[in-house]
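First the structure, which I've put down as structure tokens, then a few questions once you've had a look.
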Amino acid sequence: MSWLPSLITNTPEDGYELAIKLSRMAVKKTQPDDAVRERLRPDYANNADSLTRASQVVATNFQTVVQANDCWRVRD
Amino acid sequence: MSWLPSLITNTPEDGYELAIKLSRMAVKKTQPDDAVRERLRPDYANNADSLTRASQVVATNFQTVVQANDCWRVRD
Amino acid sequence: MSWLPSLITNTPEDGYELAIKLSRMAVKKTQPDDAVRERLRPDYANNADSLTRASQVVATNFQTVVQANDCWRVRD
Amino acid sequence: MSWLPSLITNTPEDGYELAIKLSRMAVKKTQPDDAVRERLRPDYANNADSLTRASQVVATNFQTVVQANDCWRVRD
Amino acid sequence: MSWLPSLITNTPEDGYELAIKLSRMAVKKTQPDDAVRERLRPDYANNADSLTRASQVVATNFQTVVQANDCWRVRD
Amino acid sequence: MSWLPSLITNTPEDGYELAIKLSRMAVKKTQPDDAVRERLRPDYANNADSLTRASQVVATNFQTVVQANDCWRVRD
């Protein structure tokens, strides 16, 4: 099964989780070695600027997901 | 209850606050340890470039919130 | 009164000023201490890359303001 | 044949792969020497911030691909 | 007279020039001292990454200008 | 003749080339001296993060070009 069967989610919160997933997947595609990614984790999880950069990527992907879901307007 | 029940806010100012919330949540999801985030706070709160980077994330999320609220047009 | 009663401005120039205000507000929300922000000012006001980063934030917020004002089309 | 015959893809996952391709192509156009790019690979594949930056580029290109595919709405 | 009377330009090239103007104005608003900005110029004009960052700001502002001009569609 | 007579291109690949041209032109406008730009070239062409930053600018400009061409939809 696809890791990304659809951009549609039921709720904004689920959409935000999808944005996080999209952000991590690009990292995984660039560095497929799980052990290396795990080793790098403290480098950014304990660095303020790295966390802000990660938040920037999520913000960009969240824009995409929100648009795909038409802002969940009909569900509000 | 969801931390993000909706992207709709009553006012632009509330929308801006939501953008800040969205920006911080990605940090929290990447570094869930409250104590670590608290310890990192001085690193960026006292660094001009870090504050600018944080402002960039808020700007991106604010774009999303503004679009979801259709620029609060009907309320103006 | 709200610091952001509306995203609507009379002119593009006013819209640009609003974009600057939005950019600074995120910094203020992250570092509310006026004295600290004042102390940090020379760090970025005298650094070329810092100024470029600040300009990037303004550009992003200006996109938002322009969209909210429908590019001031009817007023042109 | 063109390396980019179309922005249309069958699925979101294929669209994500296209976003990665678009991200890498700009690098290739700037540094066409395969050997140099190969030599640089460990520099970013083992650096947390570099991976986040790469993810940011993919996020931006994915926005473009999603829009071109109208969010795959009719196919959902 | 306003430095930004309108976002409308006659041609794409004029629009690009306006994007550059918008990018520089944010720097000027942050660092109004002409002499300081002049002194900083070599710092970024001779640094590859600084030039790329400057190009990023122009790209963002150009998006805005292009949208305001509806891509100059009726004029093509 | 203008270096940017139109944002319209025949194909997505041509649009991508235009995005690269737009990205480079901002650098050229900031640093007009060909010799300096040539001297700076190894600085970014041999640096992984610099190449990623360059790719980010292209991605942003490509968004603009894709939108101007309405995603080449009628031509697909």
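Some notes on this structure:
By written order: A, B, C, D, E and F. Residues from 1 in each chain.
The rule is short, and it goes like this: a contact is a pair of C-beta atoms (placed from the backbone, for glycine too) under 8 Å apart; a residue touches a chain by one contact, two chains touch by 3 or more.
Quick caveat: nothing in here was measured; it's all calculated off a predicted structure.
Here the chain-to-chain distance from subunit D to subunit F, counted in touching steps, is 1.
Chains making contact with subunit A as well as with subunit C: B.
Although subunit E and subunit F carry the same sequence, what matters here is overlap: shared residue numbers make up under half of all numbers found at their interface. Among the other chains, D has the CA centre that is most remote from the centre of subunit C.
Distance from subunit F peaks, on a Cα-centroid basis, for B.
Centroids of subunit B and subunit D (each the mean of its C-alpha atoms) stand 27 Å apart. With centres defined as mean CA coordinates, subunit C is found 15 Å away from subunit B. Touching of two or more other chains is recorded for residues 44, 47, 49, 53-54, 56, 60, 63, 67 of subunit D. Chain-to-chain contact here is organised cyclically: the chains close a single ring, every chain touching exactly two others.
Order of chains around the touching ring, counted from subunit E in the direction of subunit F, is E, F, D, A, B, C. Within the complex formed with subunit E, the residues of subunit C that make contact are 11-13, 16, 20, 44-49, 51-56, 58-60, 62-63, 66-67, 71-73, 76. Looking at the complex, you find that subunit C touches subunit B at residues 2-8, 22-27, 29-31, 36-37, 40-41, 43-44, 47, 49-50, 53-54, 56-57, 60-61, 63-64, 67-68.
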